[in-house]
Amino acid sequence: MDKFAYLLRLGDNALVLSQRLSELCGKGPALEEDMALTNVALDLLGQARMWLTYAGELEGQGRDEDALAYLRDAHDFKNVLLVEQPNGNYAHTLMRQFFFDTWHYFLIGALTQSTDRRIAEIAEKSLKEVTYHLRRSGDLVVRLGDGTETSHRYTQTAADELWMYTGEVFNYDSVDEAMVAVGVAPPAAQLRQQWLDHVSDIFGEATLTMPPADAWMQKGGKQGRHSEHLGYLLAEMQFLQRAYPGAEW
Amino acid sequence: MDKFAYLLRLGDNALVLSQRLSELCGKGPALEEDMALTNVALDLLGQARMWLTYAGELEGQGRDEDALAYLRDAHDFKNVLLVEQPNGNYAHTLMRQFFFDTWHYFLIGALTQSTDRRIAEIAEKSLKEVTYHLRRSGDLVVRLGDGTETSHRYTQTAADELWMYTGEVFNYDSVDEAMVAVGVAPPAAQLRQQWLDHVSDIFGEATLTMPPADAWMQKGGKQGRHSEHLGYLLAEMQFLQRAYPGAEW
Amino acid sequence: MSEEERLFQERIDAGVKIEAKDWMPEAYRKTLIRQISQHAHSEIVGQLPEGNWVTRAPTLKRKSILLAKIQDEAGHGLYLYSAAETLGVSRDELLAALHSGKAKYSSIFNYPTLSWADMGAIGWLVDGSAIINQIPLCRCSYGPYSRAMIRVCKEESFHARQGYDIMMSLAKGTPEQKAMAQDALNRWWWPSLMMFGPSDAESVNSAQSTQWRIKLFSNDELRQRMVDQTVPQAEYLGLTIPDPDLKWNAETGHYEFGEIDWAEFHAVLKGNGPCNRERLRTRVKAWEDGEWFREALVAHAEKHAGKKANTKAAA
Amino acid sequence: MSEEERLFQERIDAGVKIEAKDWMPEAYRKTLIRQISQHAHSEIVGQLPEGNWVTRAPTLKRKSILLAKIQDEAGHGLYLYSAAETLGVSRDELLAALHSGKAKYSSIFNYPTLSWADMGAIGWLVDGSAIINQIPLCRCSYGPYSRAMIRVCKEESFHARQGYDIMMSLAKGTPEQKAMAQDALNRWWWPSLMMFGPSDAESVNSAQSTQWRIKLFSNDELRQRMVDQTVPQAEYLGLTIPDPDLKWNAETGHYEFGEIDWAEFHAVLKGNGPCNRERLRTRVKAWEDGEWFREALVAHAEKHAGKKANTKAAA
């Protein structure tokens, strides 16, 4: 079930990041940001639903998107550590988004060529959204990095602190490699180079210093070993489904 | 089932306040405070267990302390709004405790004379603890109120902000009145006067200004209409029992 | 009445829309700014009680619908601030008035959302009442406001339907779900009726606003419309309106209903609602935490403009 | 070796306890301060991974036991800081060194607690290892440290039993619970073995500490003791130690075990563990947020002392 595991990773990344963003509803630093954040949260949620639905069908045990989202405990979630990190200040929220969006854009682009037709279709449907996400978060990183002294400092700090969570997506394990072998997923090296090039371009424009590419990187999320943050996120998200088992909403 | 309802209120107050305090484990402003906070949390938890166990037995539906603590949703919790308020800064934590402890001390003292033998016994067992709690929190209010300018300001602000949650315990409804009528619980007027006198004494010593006794007071917790905070507290607290129904721990 | 005022009133009476560039009495301008900005603030603050359940929505589909609704509300805030800006006041000034507590927002948002059913009740009752209030305003005398209302009403009617749909699922659901729905109706019914404001006898400034066509029906008329529309919907859901005095009057063709607790209304208005302090604080905190962000965007734009100008000068 | 040093060593060799007022070599004092304060810091930081589950403990009884354990840890911190203070350093200085990152605490607390089973595994394995480390220290040469260790060990053995009891409930529980227990063992096994420090070949300063009787057994000896004690306990639980090389050697009467990943050990020590940053930040934040509180207590005490003095002067 490597493909099932791979789909869970895709779905969980989108679901958990969407959940983090939706914590900010009505609390953004400007009305336009409120709208944009909710919009990105909504896009990612839509993508999560497509990935999880497909994962459930492939598994063939009758689990739909809600069963997968609401009835798994933390160790069964397969998102990377980056997306479960708390919102922090808005520079953290944005930098987490920019690091994710950059990888996501190149990944989704490559997945449109996946040998799995359904994956290619979902990627095709998501491409316009992730293109917009990347443009938005890159643009904001440039404006904040090259804004005031304060915004530069906040943005640089956010980049430095989140950096150690950026390597996990390129750290392929047997699941990822199996998907590469059958042409379902793109190889890590290609994505990583694209990611580094784009981050480097944007950081250059933003007058930010890029942390070293060979820095120590955290891992474990894809295998279900998360940070302490995920359990709280799930306890909140899953409450109603857990408290009222079997109810229709 | 007025007595059942009354016991739930006693149990839920202790349980929810204990839960709030336990959020601070290892995060107090000094090692001695860490120990004291954990100690108070532990005392209140012990009391909650006795009240809830008795409530469950009285109800006779087979619900034990854990069923009552972990398998009720927010609208079935009957604690007052005061105890579910977030910890805030440490002045808030302490002021919430002092307001609660003052009421709790006089209440528990009166309950040792309850016509319900079991209630009187539980009160008797708790009296030493609540006496210590009151001495501790009153003492700290005095030291912070009459400490530095900053500590005075923080303490006064905390008092002003929490004040509107202090009236609910004296706002008796039919459940409370039924308990007074049969000598199970003490009347409100007596408790309120004791409470006002003690708070006034401590505030005097602390050089704090006591908000007006006739200020607008919030209510609803005792009837299950809570603030938005309680749902989150319960989602976290109840996660394991909800996620693994029927398991033994 | 001056000649200008007479001509202004004639245009209004003739159903001509007033536009931003047109002359208008200062009191008309002020009343509109107050009314539109209060509406805009309500959209913004109104994101919070729903935001409180978005992270706990019970299915991904419901979460998605709720997110979209909250996004619409931010959008409504934007249109409405823009409409107010045509009257010569900036969004920042309006927000400053909100944050200082000087400007009001709808008191209904000072009640807490305590269960998922509240997402249904808010859509059904609160958005329902809002629409009844706003539909006449699509025909109000001030052009930018009237056009904003047309856009807003279209989306609001969606929201009200989605809210009713949540109530329907709960009312048809398990006994716990039905109890949740009834509890939400119990808590939101009276505050929703209060949304229409004091009874006509108590209502100040109504006459002038009516003459200016920025108030087209009286508070009590609109409130009656809400009751008449909602009671059968509640019956269809199998839920009970929490009003023992409610009864159908076959002669008038309207429902009669009980006395509203105006003491509660005024207490909440005065700041004593369960959530007044938290709602305002959340908004103020968002604003203050975001200051460095907004300043950075301005600084970047200025640098950028400066660079462009330099490039031109060098060329 | 000076005459003083010679006499000092003779007393140690004779099993006489060194007390605070006694002469001691500066290096002995420094080594002890480092060792005791590192232990104290570990107790304090060690509250956090357990605090992470106290709000989610699955029964009120388990919550109560866990709270009591965390309270004990704060208490151990207190005894140990007091023991360190007898060597002429203040608690505030020691905490400053912790907060600046200069002083260390046990690396094991840089791993996250990811499920309730981790509360069992920490008690069983981490407290179990701590006891093996600490029991010999009850006989160490420095009196205040030795006495603190006696108190600590008594309570730790409780904690280890309670941890094993949690593991037992899970191992006898549902398949999910058993999986939870196995997963916790998988994650905590190797870090627990690393708690004994580098292998003897790599260990610096050991000889001197051994001579001073503040280190009574080598790291590898203690580690072997832990493995020998724990493997049968895991078998009794029906859990598998995550080490394919683990096997019983009937000749030596010990378990042989696989190679420890020292690269991971050094990475965590260097600050790259999953939680290094968060643990330290949480403590620093608590300390900084509490500054006004600590200052107020001092200010109040000074005023009070002042008043007393004034009263006396007036009398």
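Lettered A, B, C and D in written order, each chain numbered from 1.
In the analysis below, a residue touches a chain if its C-beta (ideal position, glycine included) is under 8 Å from a C-beta of that chain, and two chains touch if they have at least 3 such contacts.
Going by UniProt, the chains are A, B = Phenylacetate-CoA oxygenase subunit PaaC.
Keep in mind it's a predicted model, so treat the numbers as computed, not measured.
Chain pairs B-D and A-D differ in how many C-beta pairs are in contact, and the one with more is B-D. The geometric centre of chain C is 57 Å away from that of chain D, both derived from CA atoms.
One inter-chain figure worth recording: chain A and chain D are separated by 37 Å, centre to centre, where each centre is the mean of the chain's CA atoms. Note on chain placement: the centre of chain A and the centre of chain B lie 42 Å apart, centres being C-alpha means. Within chain A, the positions touching two or more other chains are listed as 73, 231, 235-236, 239. Each of residues 56, 176 in chain C touches at least two other chains. Taken as a contact graph, with one node per protein chain and an edge wherever two chains touch, the assembly fits none of the named shapes, being neither a line, a ring, a star nor a complete graph. Pairwise chain contacts in this structure: A-B, A-C, A-D, B-C, B-D. By the touch criterion stated above, chain B contacts chain A in their complex at residues 73, 231-232, 234-236, 238-239, 242-243, 245. Remark: chain D residues 44-45, 47-48, 50-51, 54-64, 67-68, 70-71, 74-75, 77-78, 81, 91, 116, 166, 169-170, 172-174, 176-177, 282-283, 285-287, 289-297, 299-301, 303 touch chain B in the complex.
Contact residues of chain A toward chain D in the complex are 73-75, 161, 164, 216, 218, 220, 225-228, 231, 235. By the touch criterion given at the top, residues 52, 56, 112-115, 176, 180, 183, 187, 267, 272, 274-275, 277-278 of chain D touch chain A in their complex. Chain contact summary for the complex, chain B toward chain D: residues 15, 19, 22-23, 25-35, 38-39, 41-42, 45-46, 48-49, 52, 65-66, 69-70, 89-90, 142-144, 146-148, 150-151, 154, 236-237, 239-241, 244, 246-249.
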